[in-house]
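Order as written gives the chain letters A, B and C; numbering starts at 1 within each chain.
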Amino acid sequence: MNAHSWLARVGTIALPVVIAFAVALLLLQLADAPPFEALGLIWEGSVGSAAKISDTLSAWVPLTLAAAGLVVTFAAGLWNIGVEGQIVAGAVAATWVARELPGPAAVLITAMLLAGIVGGALWALLAGLLKTRGGVNEIFGGLGLDFVASGLAIYLIIGPWKREGVASTSGTDLFRPEAWMPTVGRAQFAVIPILLTVGAVVLVYVLMRGTRFGLRLKAVGKNPRSAHLLGISTERYTLAAFLLCGGLAGLAGAILVSGVFHKLVPSVSGGYGFLGILVVLLAGYRAAWIAPISFFFAAVAVGSTQLSLRLDLDSSLGGVLQGVLVLLVILLGGWRARRTRRRMVLMGPERLMEPEGP
Amino acid sequence: MSLELQDIHKSFGPVRANDGVSLSIEAGTLHGLLGENGAGKSTLMKILSGFISADAGRIALDGTPLTLSSPRDGIRAGIGMLHQDPLVFLPFSVLDNFLIGSGRRLRLDREAGRRALEETAGRFGFSFYPDAPARTLTVGERQQLEIARLLWLGARVLILDEPTTGISATQRTTLFEILRSLAAEGMIVAFVSHKLEEVEELCDRVTVMRRGRVVGESEMPAPAERLVEMMFGRVLVESEPTPPPFGEPVLEVDAITLRERTLTTSELSVSVREGEIVGLAGLEGSGQRMLLRAAAGLLQPESGRVRVRGRDLTRRGYRDFLRAGIHYLPAGRLEEGLVPGLTVAEHVLLARGAMGFFIDGAAAREDARGAIADYAIVGTPESTVESLSGGNQQRLLLAMTPPDARLLLMEHPTRGLDIESADWVWTRLLERRDRGSAIVFASADLDELLRYSDRILVFFSGRAVKALDARETTGEELGHLIGGKELV
Amino acid sequence: MEATLATIVASASALVYAVVGETITEKAGVVNLSMEGTIMLSAMTGFAVAYTTGSVLLGFLAAAGVGALIAALVAFASIELRLNQIAVGFVLALLAIELSSFLGDPYVGQHGPSVRAVPIPLLADIPYVGRVLFRHNLSVYGSYLAIVVGYLFVFHTRRGLEMQGVGERADAAFARGIDVNRLRYLYTMVGGALAGIAGAAFSLDVKLGWREGLTTNFGWIALAIVIFGGWNPIRAAFGAYLFGVLAWAALQLQPVFPSASQILALLPFPLMIFALVLVYLQLFRDLADRHPIWRRLLSSDPPSGLGTAFHRE
């Protein structure tokens, strides 16, 4: 690698980061807030103390799980916008177990997590079948199922699972303590979810890098026709990708109800699914980058809440920062590809030569 | 009036599609442009219509130089092009197809358009139902619509790119009559085709192209052998050492009827034995590809039977054929053979089939290095397939085919390859043949067909018209049969 | 009854702008997936500008500008950089939502100007129809205009036919001398501007005022309605009104099921998606194929070139 391309590579990462922060500073200036103090608050509010780090990690867990799952669906060439609904489905399934299943914490929590995985996977399978059998584009099928899942959650919260006496959209009754995800120390680190998440990232990484399954999935995503000629069933692999992603998203949902809310709340997915799509786009669809980028996103999101508490600003600044960053990385990637294209006109000889007969 | 093209150059990356082409077409003559697929005819005509820009060269109409930077310039200069796949908008009505791209006023006067369509169509004896969606038209009618539109727009030059693909015999007759009358009226008509017999039937003069260059020009009629020789190059057959005797039948195709898009093949039968090489000759789109795909289990026959090594696999899935040792190597290497974005090592892995869940990275690289060495692929295990040259892509496809494959079905095994690569590919194929594999391949290269086949099956418009013993036939006979004629 | 219909017509007006706009964008072959964010950010911008300047007209113009700008980015990324329209649109959607929250913070809960009601002199006196359709404000009348002009433009003008050609088969349009990419820029921006106007119609008329998440889910539903509407401005508008009916019905049920108000508010969204899936079903396609008259009503073939880029090489 020569100096020029090395510079270009650093540039595609550093430049968007610098611009994204510049945009954030500019926005803070516009909002009459002290820009650097605000950024300092985000830092302090996300990694400034053990408790803050614990908060950040509890956002990192569902975000990373969703992103890890999305790496799989993206590899199969799918836009799984239904990931939000799959998180909700997992949360609902886990809540059902928490309400119905007696027994000690170890059994109960294991069952909840498993139920979450199954719930999310089945919800994703619906989107997959709509696509492979019904010809419904996964984006719209997924969006519809997102709406249905949140409708279902709200229905359960105000209907069959309503709190004693009053029905309120603030959520169901708190679970019994056995269903609460155990934590460690004063800062309340939830160790199990963190381990599960690390495990999920490793699983997806290994699956995509080191297994025949991952390789075939990539082949299906990149060129279904060739994959078919190589003897790979495209439908089976499409559905498998949905199942895997849904399972991980459902696990995130189960962890959210068990470890964060301790009950089912209407907006349980918290936008982690959509944010996960941004994470994967920024990571260039590579599993290895998921965990650190998710951590950065989680830190920005958690730290931003300080802005509203301390500076009376809207906490969405973090979201703006994330969005600008991803947009710039994508645009710069396109720009670089275009320059390469211009330098060596590679495209098209096959197609523009004489087209073949029928 | 005349149209002059001088020293036209056009390259796509390393491929020289047009390499110094000069051509002159006189008004009032029907000028044929003849050549095999890939000879550079379409590229030349797209340049002439403004669809793509030449890298260098001059175009003049009636002595006036033209600058053609977009089809708009072409239309203004009175150059109309009828593309091989007529560029109509299928969901739009016939009338809207006629009107789109004409005129500058905002208002779309469909009534005036309807009258113009009826008048123009009437001139040529076409009849359209203006409100029917264009998707209900046959390919021939779509062409008629395009011709009517181009003439209505004031085209003085009409270029037709392979216009007879997919149209009926009657429509072809009508088309030829119209072209004759247009030429007689003093229009410049260029007829692009790879079908010898059509050029013979229609044209007054013919220019033959091969590999991006003009290789000959002739008044018509001209002897067919001479034109075939210009198209395909001189046939130099050296006979290969006698192959081992054939073994048991591998593939038995019994009277299958296939249907795909506009072409139906009727009652094809062929039997291939171990160690045998069968060449499929014929103009592109005469049914060879369909036979190959049916033999691979990718296209289901409507009737008839397909047996592989004695087992009846009719209407079984593609994967049953794979399991039986049948392998299909398509012509579109990057489109349906390889997966762009994946590396050589990954392809070798994909081809090895189910061998455990985990990938042993080191072993896979070793495996890929082995394939690279065995098949002399220029590249590394980490090279992505789209970065390989066409020859190396073909070598990789071969490397991905298991050595114990019983039957290789190949479409244009050496298309786009340089001579050295092509020879190399055939050396490997003959080795496989010597070990008992059977090979069926379709090719447009007469030399290749004659040199390597034991038998040659000649296709003409969906039928296998003749089976030849490759050792007893000549390039001349083959050229005639391909053109649709029996040697008298 | 008239009052009810009048309410539905008025409340659906914003969505009408959005679906007509996206229909035009997609007719030209581009998917602007950023609708959710475009509508949100332009709703905020429209309100903020109108609040600051006191001019509703300036609010609408600013909102249209924001919508066109976002659309221009989608077009640029797709045409010049050959990026996936879905990816860029999705990122822009989320970014614009966050921007609307951040920048709109000072305007939350403020009372701003709104579009004045102007009964149309003679038409308003038509019995029944007048009360339903012609006793509204300019924003609502504008939504009628968007439908009618949109429909006439797409199906009855030369430029509209060219636009459809660009979306249907870019190479064929190019061969007829049409500048494919220039038109794609143009119509993507026109569609974006209409989505921007939809946003302003929300914050300055339908929902009066700004708060975070004011137009949540309306952008997604607009995208779905465009499909439901079979890429025809009139059918799409019909979809928007149908959605208005569902939303109204849900509102009416709230006193009946007070505890279910939240779910009722959400209900129209999945119902709309189900309607969409129904249209997709083979049954309806067969019906449309067998009865040509139904085709206009039921067929739902997207422009063939939707979401693809055109490169001449």
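Please note the rule applied: contacts are C-beta pairs under 8 Å (C-beta built on N, C-alpha and C of every residue); 3 or more make two chains touch, one makes a residue touch a chain.
These numbers were taken from a predicted model, which means no experiment stands behind them.
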Examine which chains touch each other and state the graph shape they make (line, ring, star, complete, other). complete
Contact-pair count is greater, between A-B and B-C, for A-B
Report back the single chain whose CA centre is most distant from the CA centre of chain C. B
What whole-Å value do you get for the distance between chain A and chain C if each is reduced to the mean of its CA atoms? 28
Between chain B and chain C, what is the separation of their C-alpha centroids in Å? 45
Whole-Å gap between the CA centroids of chain A and chain B: 46
Residues of chain C that touch two or more other chains sit at 313
Shared interface positions of chain A, touching two or more other chains: 345, 347-348, 352
Contacts with two or more other chains, residues of chain B listed in rising order: 12, 52
List of chain B residues in touch with chain C within their complex: 12, 49, 51-52, 70-72, 74-75, 81, 83, 87-92, 96, 99-101, 103-108
Give every residue of chain C touching chain A within the complex, in rising order. 33, 77, 80-83, 86-88, 90-92, 94-99, 101-106, 212, 217, 220, 223-224, 227, 259-260, 262-263, 266-267, 269-270, 273-274, 276-277, 280-281, 311, 313
Chain B-touching residues of chain C, taken from the complex the two chains share: 156-162, 164-165, 168-169, 171-179, 301, 304, 312-313
Residues of chain A touching chain C in their complex? 27, 30-31, 79, 81, 130, 134-136, 139-141, 143-144, 147-148, 150-151, 154-155, 158-159, 162, 167, 169, 266, 274-275, 277-278, 281, 313-314, 316-320, 322-324, 326-327, 330-331, 333-335, 337-338, 345, 347-348, 352
Residues of chain A defined as touching chain B within the complex: 210-213, 215-216, 218-219, 222-223, 225-232, 344-350, 352-358
